[in-house]
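Look at the two complexes coming up: chain A is in both, with chain B in one and chain C in the other.
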Partner chain A sequence: MKFDKGFNYKLRGKALEFTINTKIYSLKAIYQAAYLFLDKVYVFLDGDPEKEIKVIMKLKRPSFANASSSVPQSETSEDKSAGLEQIAGEFYNELLNQLLREKVSESNAKIREYIVSAALYNAVPNEVDRLLQEVEEEDWQEDPLGIAKTWEDKQNKEGLKKK
Partner chain B sequence: MLDLKTINNLDTRSVGYFRFKQFGNDYLLTNETGEYVFIPENNFKKFLTGKLGKKSEIYKELLNKSFLKDKNYLVNSVLKYRERYHFLQFGPSLHIIVITLRCNHKCIYCHASAGDSLDKSLDMDLATAKKVVDTIFQTTNDAICIEFQGGEPLLNWPVVKFIISYALEKNKLEKKNLVFRLVSNFSLMAEEKIKFLMDNNVNFCTSLDGDEETHNYNRIYLEGNSYQNVVKWIKRINQAYKEKYKDKKKNYQRIGALITVTRKTLANYKEVIDTYIDLNFKGIYLRYLNPYGFAKQSKEKIWYSTDEYIDFYKSTFDYILEKNYQGQLFYENMAATYLRKILLQEEPHNLDMRSPCGATIGQLAYNYNGDVYTCDDGRALSRTGDETFKLGNINANTFAELINNNLCKSMCMASCTTGLPGHSDNVYQPYWGTCPVYNYSLSGNIFPAMKENFKWQIDEQILDYIFEKLKSKKNEDIFREWCKAARPRVK
Partner chain C sequence: MEVIKFNKKIYSLEAVKKAIEEFKSLAEFKIKDLDKYIEVEIDKIDNEYKGILKDEFSNYVLGLMS
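For the complex of A and B:
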């Protein structure tokens, strides 16, 4: 059965099963997306992290405390299947969100660490400001010394020049 | 909707760190410094791929609010972040003293789990009180707030008086910014007590659960009508404030009141708000139940589901907004706390809505017998025999030992939302906190099992509602007035 183009899934009793290509979505994104569905479904992950991850979802009965869950409160097996399909679709959307979060987080990791360290560094404020000013003047965004380049990149370029 | 092409073309040089969620047709973005912006989907994609026109209004807004990186990004972010988390550099400022565990009320939800009103063995003695004050003054924080709690603290009035007098005397040398707060049901209030308390600038806080029917249902008082008594003293204290500050231009009314929302409150929300406004209060804190003490035991009678509470919150919020549209300044305090973080990027120090929470690093709770707890919630839990959150005892431990307790470090780790799964990348991370005692009480683990956590579900839906309302400029103007009104008043 197909839910949408490129999205194959199987219904096995009360569970829904589908796979995710790990060449497109990182394991981290898959784990984080799965975490956000823990109030709605039981999630089982399996497969080969190098190729694809198998996701099996089974609906939970909402407890008193999480009665606000958006899980369809249906009783028939047809409705339950529809509920699972909807959640699986949302799961795929959430994978995209998690992928973006991962990229934004990775590309800003160093600068975030710096901001927190500098902000909480218990020094005289003027001293921190002076250090910050120095960093700014060094034009870190331009990377004139090629510090952000990997060793492989530098070696390849030098190798090409020699040839 | 987001697509892989846009994500893979992320302009990493210009896009700073942000969190996001889809919000109707827009995306809501927040960042580390607490700024927020709504951005339509097409512009969101342009922002991600570095294609926003530099002269567009949205580009300027994103730049000003540090969502885009430019040459000032680093300095601005550091300064804002430092301002926001400045409290991490100081020790605890809030010191809650349980003067007695005795109480003359038997409230159906009692978080404090009060004891028998005749059992004087539950009173703090003078020697313990003196040692508690000596311990409090060892904090590295320049500001000290001593809060008298119980039980009903007025049942042990001599010790309340002693602590105020001794702390003031001690402060002549220490020169801290010292304030006092009395949390009382006012059933034992008297003119001479008001005079002493006002002469020493003690702030008042009481419990008022709304209209007479709701209040007396929740707050059982066998020796009289709890509602009529508390209203009488609220009016009397307001009058006393008016007389004291008659030469000032502003009304320095400083009495505070707390409501605890039970199942009984849900349908009576209009009466509750009207009662507060009639009594000249400027705001109300729609505090939901915590699963501690008696509240846990009488769950079936007073509890509600997430949906029921949220429906109540939204109805009450709308009713309050309507009052504001009609010219009556009145705010909901949980919303005002969030709004001060959202609109002003300031930290209101509501300690269980902070990251990390205030346990030990922001507050300490001293029990009647000298036992010290991470916070008042941890102390309340101890009444069920669970001493998980006990740091030590003032007779056995130094202040440094109390603070350096591994429990303090665990509480910080468990409540630092930047390091918690589900919280760390949530769009509301800059605004909310988590309470380890609450989490422990629900699941036996101080780290939150986030998605199944009643508090988490409520907090997220309240923030959704606040941001939905924030889209209107008219509401934003009103919310800015709420922020001003909710700020602590200067002595």
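For the complex of A and C:
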């Protein structure tokens, strides 16, 4: 087992193994970090999510690894293990990143819910809006019974008829 | 024949079944529901994918868990 500034790992043949304390990093953060590395390495998880998760990583063969991978796909076993160590280090960095995202998401949860609910409330027309629209759409200006006409208007018309 | 043991506390049966559905054209899969693990037996692997199918399958299941 190597010890490198708090990062413990074992090299077993082509695979690199290390454990993650789930009291620090949640299983969700581990899933999300692992997801980002699936194109570079084979990742297998085992262990107890309530204590610690064992991560087993294997380099993909050059032809199957993503061409955009930052790690050079070398042939020697030393280079391969160095590549794995580098990826494992990046994995730990990504874990921290995911952990931070989780914390920010938790702390912003209420304000996010408020914004979404306010947006949804404004998007759905309420009862008052519906009634106002009905009134606006009503054809009240036609006045088929002549209620809106003044007495003078009515009298003038009647006078003209008599004449 | 290849065997993979997925820890039930980490991998869901639903994800394993979905992955099998996607990979069934490349090999034969059998699931065994053990106490703590979901055991997947992979047999009759397509020659083209013999060296990598087990690992690719594991990656796919993990991808479904994210």
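In this text, the second predicted complex is superposed on the first by the 112 of 163 C-alpha atoms of A that agree within 3 Å, B and C clash if a C-alpha of one lies under 4 Å from a C-alpha of the other, contacts with A are read in each partner's own complex, and residues count from 1 in each chain.
Note that in this section a contact is a pair of C-beta atoms (placed from the backbone, for glycine too) under 8 Å apart; a residue touches a chain by one contact, two chains touch by 3 or more.
Quick caveat, the model's predicted, so the values are computed rather than measured.
Undergrad: Between chain B (first) and chain C (second), which does A:Ile53 come into contact with in this model arrangement: first, second, both, or neither?
TA: After superposition on chain A, A:Ile53 lies in contact with chain C alone.
Undergrad: Under the stated touch criterion, which partner chain does A:Phe44 make contact with: chain B (first), chain C (second), both, or neither?
TA: second
Undergrad: Between chain B (first) and chain C (second), which does A:Arg101 come into contact with in this model arrangement: first, second, both, or neither?
TA: A:Arg101: touches chain B, not chain C.
Undergrad: More residues of chain A in touch with chain C or with chain B?
TA: B
Undergrad: Once the shared chain is lined up, is A:Leu120 touching chain B (first), chain C (second), both, or neither of them?
TA: A:Leu120 contacts chain B only, not chain C.
Undergrad: Under the stated touch criterion, which partner chain does A:Ala34 make contact with: chain B (first), chain C (second), both, or neither?
TA: second
Undergrad: Applying the document's definition of touch, where does A:Arg112 land relative to chain B and chain C: first, second, both, or neither?
TA: In the superposition, A:Arg112 touches chain B alone.
Undergrad: Between chain B and chain C, which residues of chain A are contacted by each of them?
TA: Looking at chain A, the two contact sets intersect at 32, 35, 38, 64.
Undergrad: Provide the residue numbers of chain C that touch chain A in the complex, in ascending order.
TA: Contacts found on chain C: 7, 9-11, 51-52, 55-56, 58-59, 62-63, 65-66.
Undergrad: Using the touch definition up top, name the residues of chain B that touch chain A in the complex.
TA: 1-4, 7, 10, 12-13, 15-21, 32, 48, 69, 71, 74-75, 77-79, 81-82, 85, 88-89, 305-307, 310, 421-422, 425, 442, 450-454, 457, 461
Undergrad: Where on chain A is chain B touching in the complex?
TA: Per the stated touch rule, the residues are 24, 32, 35-39, 63-68, 93, 96-101, 103-105, 107-108, 111-112, 114-116, 118-120, 122, 125, 128-129, 132-133, 135-136, 141.
Undergrad: Per the contact definition, I'd like the list of chain A residues that touch chain C in the complex.
TA: It comes out as residues 27, 31-32, 34-35, 38, 42-49, 53, 58, 60-61, 64.
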